[in-house]
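Order of writing sets the labels: A, B, C, D, E, F and G. Residues in every chain begin at 1.
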Amino acid sequence: MLKPLGDRIIIELVESEESTASGIVLPDSAKEKPQEGKVVAVGAGNVKDNGERVALEVSEGNRIIFSKYAGTEVKYQGTEYLIIRESDILAIVE
Amino acid sequence: MLKPLGDRIIIELVESEESTASGIVLPDSAKEKPQEGKVVAVGAGNVKDNGERVALEVSEGNRIIFSKYAGTEVKYQGTEYLIIRESDILAIVE
Amino acid sequence: MLKPLGDRIIIELVESEESTASGIVLPDSAKEKPQEGKVVAVGAGNVKDNGERVALEVSEGNRIIFSKYAGTEVKYQGTEYLIIRESDILAIVE
Amino acid sequence: MLKPLGDRIIIELVESEESTASGIVLPDSAKEKPQEGKVVAVGAGNVKDNGERVALEVSEGNRIIFSKYAGTEVKYQGTEYLIIRESDILAIVE
Amino acid sequence: MLKPLGDRIIIELVESEESTASGIVLPDSAKEKPQEGKVVAVGAGNVKDNGERVALEVSEGNRIIFSKYAGTEVKYQGTEYLIIRESDILAIVE
Amino acid sequence: MLKPLGDRIIIELVESEESTASGIVLPDSAKEKPQEGKVVAVGAGNVKDNGERVALEVSEGNRIIFSKYAGTEVKYQGTEYLIIRESDILAIVE
Amino acid sequence: MLKPLGDRIIIELVESEESTASGIVLPDSAKEKPQEGKVVAVGAGNVKDNGERVALEVSEGNRIIFSKYAGTEVKYQGTEYLIIRESDILAIVE
């Protein structure tokens, strides 16, 4: 499997139909549109200036919404993933 | 529900009539115009270089005014929300 | 009332006549012109990397001069205010 | 051999065939494309503001994917290497 | 009087004749030209990340030279002042 | 002799023939090309925010490769040197 | 005399003949050319985030080479000086 570094997160995209499974509808407006995904793997977090590594707020399995134009696409063993930074995640869908 | 990350906040927009319920009138001038909203959910805050997470100043239920062009729109279970960072909030209406 | 966040301050503008009440005359030159105001509310201050919140240097009631093009206008219960950051304040008029 | 400085890493490129040995297929899209490599040497890490040097997350022998346009090429004793910073590494292939 | 905030300083300009009282002659070259002034009031200094406020190096009464295009002009009770940041001061004339 | 300041390093250039003594061949590609040099003197290092000076990773006598367009040339007692910052050094040739 | 602030240094220029007294010859190339000078006064240094002031590495009397386009010229009691920041000093000539 892929293990992301630092504050990076690997997500599987959730196809954005007009109304997604979790009830999010992404509006069609001039503002930046978020996209939905499922967290597949999380990095260990970045190290702060006090020398401590800060764990990420998201965990494997979380459904998240994130900035649409963030990240790098990669296909691994037949599945497409997106590697993004935690700062590009807007919210967890609970 | 949606749980925002870090210093992010989810707000429900308050339609800006000429004179809002809380008494704020948004002037029509050349300067940047603020907008009114109601806080629906707040993130856990960012982590400082000493390793501590700093709680946000706003809480669920607060009425706030914020920079008009800030944030990302998202529609969740039929309601439209805006996800913004605490730094885009100008003031709490008390 | 409005409660500003972080290092923000709410001020009421003092109309800049040629010679203001406090004796300040704003010269008409090519340089950036400051403007006079009265502090109506102050934020709790920002949090430093050591986790401490640093109180602002200005207090409610202070007369200040600030950078003319700073801030966001807002009208609240019939009065116009300006929300600015403490860093845009040049000096307190004592 | 070459010993990279700070947060730098020396990698040997893995020729990106359509489907690589580790099962990664790099999609042909408009987004930034990652590339695969094998870590040959790692730096000692950077020094944080508390004076401590933070070890890198990758080790010699790791297979990694990284941003395609990152790094500096160098040929040493007949082999071509790429010297990149750890922040350009997206994930370790485990 | 005016009390400057943070690392700001209020100075009275010293008219730059060809040779000033303190013996400084400002050369007429292509490089940035400094200007001479007298410190009238100093701010309390900025707060560092460890929470301490650092006192300024200049004091009331110091004659200084500073970057010519720095600062904001203000006229107060008939006298023209310039409000600048300590970082724009080049040297104290002793 | 010349004593570099902070994180600066003085190097003597190694003429980049097609194949250098240490076995490095600098490829002729579109990417940034590194250059080889020998460390002649190193600075004492920079001071971190905790007040400690961090020693450099390179020492006198090291053979290094560095970014080609980095640094400032200086000729001293008949020999040409280049003064660069440690961050411009890519790796030590061991 | 002039007392520089913070990390500033006052130097007297050493006329750069083709071969200077200390043996430095400044090559005529496309790269940035350094210039030679003699330190006349040094500032007390900057304050780090831990609240300590860090003394400069150069002292009065040092001969230094520095970036040619750095600094601000000033003429004081008949002599021309240049006020530069320590970070613009490349090396001390010992």
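In the analysis below, a residue touches a chain if its C-beta (ideal position, glycine included) is under 8 Å from a C-beta of that chain, and two chains touch if they have at least 3 such contacts.
Please read all numbers here as calculations on a predicted model, not as lab measurements.
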Worksheet item: Expressed in steps between touching chains, what is the minimal separation of subunit D and subunit E?
Response: 3
Practice prompt. Round to the nearest whole Å and give the separation of the Cα centres of subunit C and subunit G.
Written response: 40
Worksheet item: If you average the Cα atoms of subunit C and of subunit E to get two centres, how far apart are those centres in Å?
Response: 22
Worksheet item: Any idea how many Å lie between the Cα centroids of subunit B and subunit G?
Response: 50
Worksheet, complete the sentence: Shared-interface residues of subunit G (touching two or more other chains) are 48-50
Discussion item. Ring order, please: subunit E first, subunit G next, then the rest.
Written reply: E, G, F, D, A, B, C
Response to the item:
In the complex, subunit E touches subunit C at residues 1-6, 8, 10, 41, 44, 47-51, 71-78, 80, 83
Fill in: In the complex, subunit F residues that touch subunit D
23-27, 29, 31-34, 48-50, 52, 54, 57-58, 65, 67, 86-87, 89-94
